[in-house]
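In the two complexes that follow, chain A is the common piece, with chain B as its partner first and chain C second.
Take a look at the complex of A and B:
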């Protein structure tokens, strides 16, 4: 079919149809107006601080200043390649990957253990749940202040009680080989109780009659876990894993308080790198480029869970 | 043994003799104790007199001569009353504006039909994916352009719209029978009157769930206020505590650090212990903040 034909056809009819379409659009807009007004306050702030911020990251990543006071000039993808070539950034990405796996796996495992052990509700279990949940409530900065002493060499809590079991006392936060694992402990301590809540909620969805049938058939605890409970918890696992990875990127206040990324960049994580570029080196171009790369990676991850989220919220 | 039997008395008969669940329970009890040790140390160290010396600092047995000196020192060195006021202003300001924005937007999604509903729904959903903390760099420059650098309003602004809250309110509003609204409509109530007198009062549980999540998360926020606030007298608790810790760490004043930390987390812990059930159910719904 040639292009001229379909173009010619509507012209004949649209002379009559257009005012109609326009009118219908206006009617539809008028009918929608109250809704738009109600959404306006939210949309203004979302536009400024979410979509606008995204746009500014994109633009800022393309510009650079020679000195902090010099005018900006367009540099294209130079910032991105500079960030990718920066050993501090690649180091931070690797640290962050280790940190993500090293915090997500143990905290999710512990959360599952806690939920399985405390799934039946009575006073003792409620108290234990509350104890495990307490760290979730406190600021990461407060947790860091406590763990600064726990990890203190020689006189700190850890060395005082278990130090004598070790041949050489490790310098928990001062040794570049250990520091990253030390800050992981804080994250696991702080988040396991949070993820436990989701597994507790998930366990309630395990059908009672299937469990009873399993008891009658003589299935042991391990078999029930493997063949009934775990398959039922699959969505919970997916959901909690996404949150745990998001937390591994965004919840890094303890790095600020305890190690400042050190010793020798061994605890430098991506968000701390971005902060350093922006606040300490005034390099907005590089900070934006690093933000952009991180956002892209996280959006790839969350796109996977996007459908789940849309379903959770019940669809439009 | 009797205690364990008591704990398992409502378990299915067939499973009561099993040993693995009991081992798992024992391990959980052990870990729950370990989980509480930092809190226990905090309280013991707060009450320990400085005369016990640095070597006794890690001792978890409370001192026989408890003192409030550490609390007094922390109170004097750190400007905690000022920090508490700032954090309260920030949390209250954010929550008040959020109540307005999420009520209006939640109502639009729950009860109104409008062009582009799907598109706007996904625009909101995007905020849930875009973890605001990653956008600190562009948002800091915007806050500076708006002339809000080093102000509490600058700390609050990025959180005024909440997709999570909007979806929570939409869900609550959808559960309210339309007959109630129809009756009000016949009586000539305007849109805002219907929201104010029918939808809001019937959705209080959802508002309180949202308030718990909003206040705890902004009470604990650190990185964003650290970037926006410059003057010492505008610091919120978290930033104040981190500065205070830095200073006291230099002098090895661990008792004072413990006392300062205790002061910062005590309000949240007290409220949590009172409203435990509500907190837990709110956090379950908060999977995505």
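Take a look at the complex of A and C:
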């Protein structure tokens, strides 16, 4: 079919072009009809539960009521500027940035380390991999409930052991200077094993012959890592980084269970801020506006990472 | 042509059948079906108890078929109720945290119960008269009844009696004033050099609990947390609250008998159970937990006073969302009255540890027997004489959080009480502004 097209085009005169194009469109549509029909159920559900909800958020973000009894009215971008002016929101964004960097870097570093150490498959390594992967299998809510007791001031597991060494016991979740880092520890503990899987898969793709050649040429372990393994793992790094940053924005179960954003908003993350606006303040307009801003940031990030990936594939 | 006619016929038949399925009420007279949303703030056992309660109701009431729907925590229950109201399918009755009622009434989300009380041939005074007076403040808004108290609590002082005796204190004469409590806490704190191995007292501070404890301390210092008559005012920047927060701050940084930082409720009770804290202030709702887990003799007492004995209530009320059909309203009202009757109220109290809001419940033989066996449960009921309503304002949760965020800074040694309370007042006034704009500041 594609071969016939270029031949047909120069022949068609301007008068006959229209029915011809129409006909071709119909033929093409008929040919792909089964495909559309097969896609229809998922399209319906996507429209209902994803795009519908997003459209609703977009509409809700434009409306606000002045006083509790007043009707909602169109306010344009007022909600967005109100969110941007809210110190709680900027605080949540800053917390989220610290949280994203502070969880992505250590968990990716640990994941790479684990993957390098356990890349060869034998019984001991399989057992160790399983052990490192275990936290991934525990639901975040359950893990948070567990850590709640590990972090208990004075009587928790952590204070029980560290307490012998320190003069003053830290109140892990009750001190605004420490709480965010305590939350970060759980995220790293939980995600490192997951990212390790990607690196293990990435390591399988490192060409065996290149490694052998390097070995024969007298390249040491460090040189092999620096000049062969790491460059080969670049796409994996990119992918895992995107996943890690998405996780940093979309995972707030532990904030919900352990701190509710406190003390004094020190562990408030963007998604939890949205929850607070919608539920505690019952301010749908502001919650929707904050959702839109978050969505825009995430979409921008995803687009950027896809472009980088595409560039890489197209380039040398 | 034929095809399409058959199709139409088929569609019409399917439509009729679907209609018959969707509207069974039109097809025949069945019991009125009502949903009851209920939260479980303590533990999973309550869900089973609720199932038993509703089963008994359905067996004794043929005209109504009630279904208990578990809806998570108090906050989750509010979210789910609001979502159901927005979707046009409100549940017929909800067990709602008592301090959310005012906010819901302001948002026009509650059914006024006055007409239903009147239809029973009763008066508001007679109806409310069944319940402890302290509970009425959170059920009545603008002189109309919007909620029926279901299970309630007050804060208590829990004392590790063994440790008190060890320190030469008499647990049968618990501290009654802040001065005595400070003295007890000092004697009960054990130090190993600079390090504290046993704290004198623990007071919880996490979102929700922190506000409740601040109201407790402020009240026993003679103050009020909010304007009980009007939802647009809170009294954060006042001498009584300043005294309360300064004392709490002093327990940490001057007397060094309270662990620094904000400690959530579960951490406080674990600390008490493990013997790390010799005294704690916590809800009566934790009494069953302490009774089951403490491996030492304990004692409960009133919250000590600085100026007067006064505590806030906590707990939940039964409400009906707005926008219910008349038959559902009637059915839900039957359910609510049954659940808050003396007998059922007492049964629920014994199962959960909350106290029964219906005063007559304490005259039932089962309850008299239970209190003889568990005299500590009596203290909570006796303290009700000095109890007052739980703070409830326009946007209760954010207004409370305005205070809690500042209190947490003080407990962590990052701010002084005076400046913290001034900041809290400013933030709360800002949150309350829209409501004041259409009430107190809407002038002719």
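Note that the second predicted complex is superposed on the first by the 283 of 316 C-alpha atoms of A that agree within 3 Å, B and C clash if a C-alpha of one lies under 4 Å from a C-alpha of the other, contacts with A are read in each partner's own complex, and residues count from 1 in each chain.
Keep in mind that, in the parts below, a contact is a pair of C-beta atoms (placed from the backbone, for glycine too) under 8 Å apart; a residue touches a chain by one contact, two chains touch by 3 or more.
This is a predicted model, so every value here is computed, not measured.
In the superposition on chain A, A:291 makes contact with chain B only, while chain C stays out of contact range. Shared-chain residue A:202: touches no atom of chain B or chain C.
Once chain A of one complex is fitted onto chain A of the other, the partner contacts of A:148 extend to both chain B and chain C. Within the superposed three-chain model, A:57 lies in touch with chain B and out of touch with chain C [touch as defined at top].
With both structures placed on the common chain, the touch criterion links A:102 to neither chain B nor chain C. Using the contact criterion defined above for the overlaid structures, shared-chain residue A:250 touches chain B, although it does not reach chain C. When the two complexes are superposed, the chain touching more residues of chain A, out of chain B and chain C, is B.
In the overlay built on the shared chain, the residue A:70 is in contact with chain C alone; chain B does not reach it. Once the two complexes are overlaid on the shared chain, A:280 sits against chain C while remaining clear of chain B.
In the superposition on chain A, A:32 contacts chain B only, with no contact to chain C. Judged by the document's definition of touching, chain A residues 148-149, 152, 155, 279 lie at the interface with chain B and also at the interface with chain C.
Chain contact summary for the complex, chain B toward chain A: residues 7, 10-12, 14-15, 18, 20-21, 24-25, 27-29, 31-32, 35-39, 41-42, 45, 54-55, 57-60, 100-102, 104-105, 107-108, 112-118, 120-142, 157-158, 160-163, 166-167, 170-171, 191, 216, 219-220, 222-223, 226-227, 237-239, 241-242, 245, 249, 254, 257-258, 260-261, 264-265, 268-269, 272-273, 276, 279-280, 283-284, 287-288.
Chain A makes touch with chain C in their complex at residues 66-70, 148-149, 152-155, 167-168, 171, 173-177, 260-265, 276, 279-282.
Of all residues in chain C, those touching chain A in their complex are 75, 78-79, 82, 103, 106-108, 194-195, 199, 205-207, 259-264, 266-267, 270-271, 274, 276, 394-395, 397-398, 401, 404-406, 408-409, 411-412, 414, 434-435, 437-438. Note for the complex: chain A touches chain B at residues 28-29, 31-32, 34-36, 38-39, 41-46, 48-54, 56-57, 60, 110, 113-114, 116-118, 120, 122, 124-126, 128-150, 152, 155-157, 159-161, 189, 193-194, 197-198, 200-201, 211-212, 215-216, 218, 220-222, 239, 243, 246, 249-250, 252-253, 256-257, 271, 274-275, 278-279, 284, 287-288, 291, 294-295, 298-299, 302-303, 306, 309-310, 312-316.
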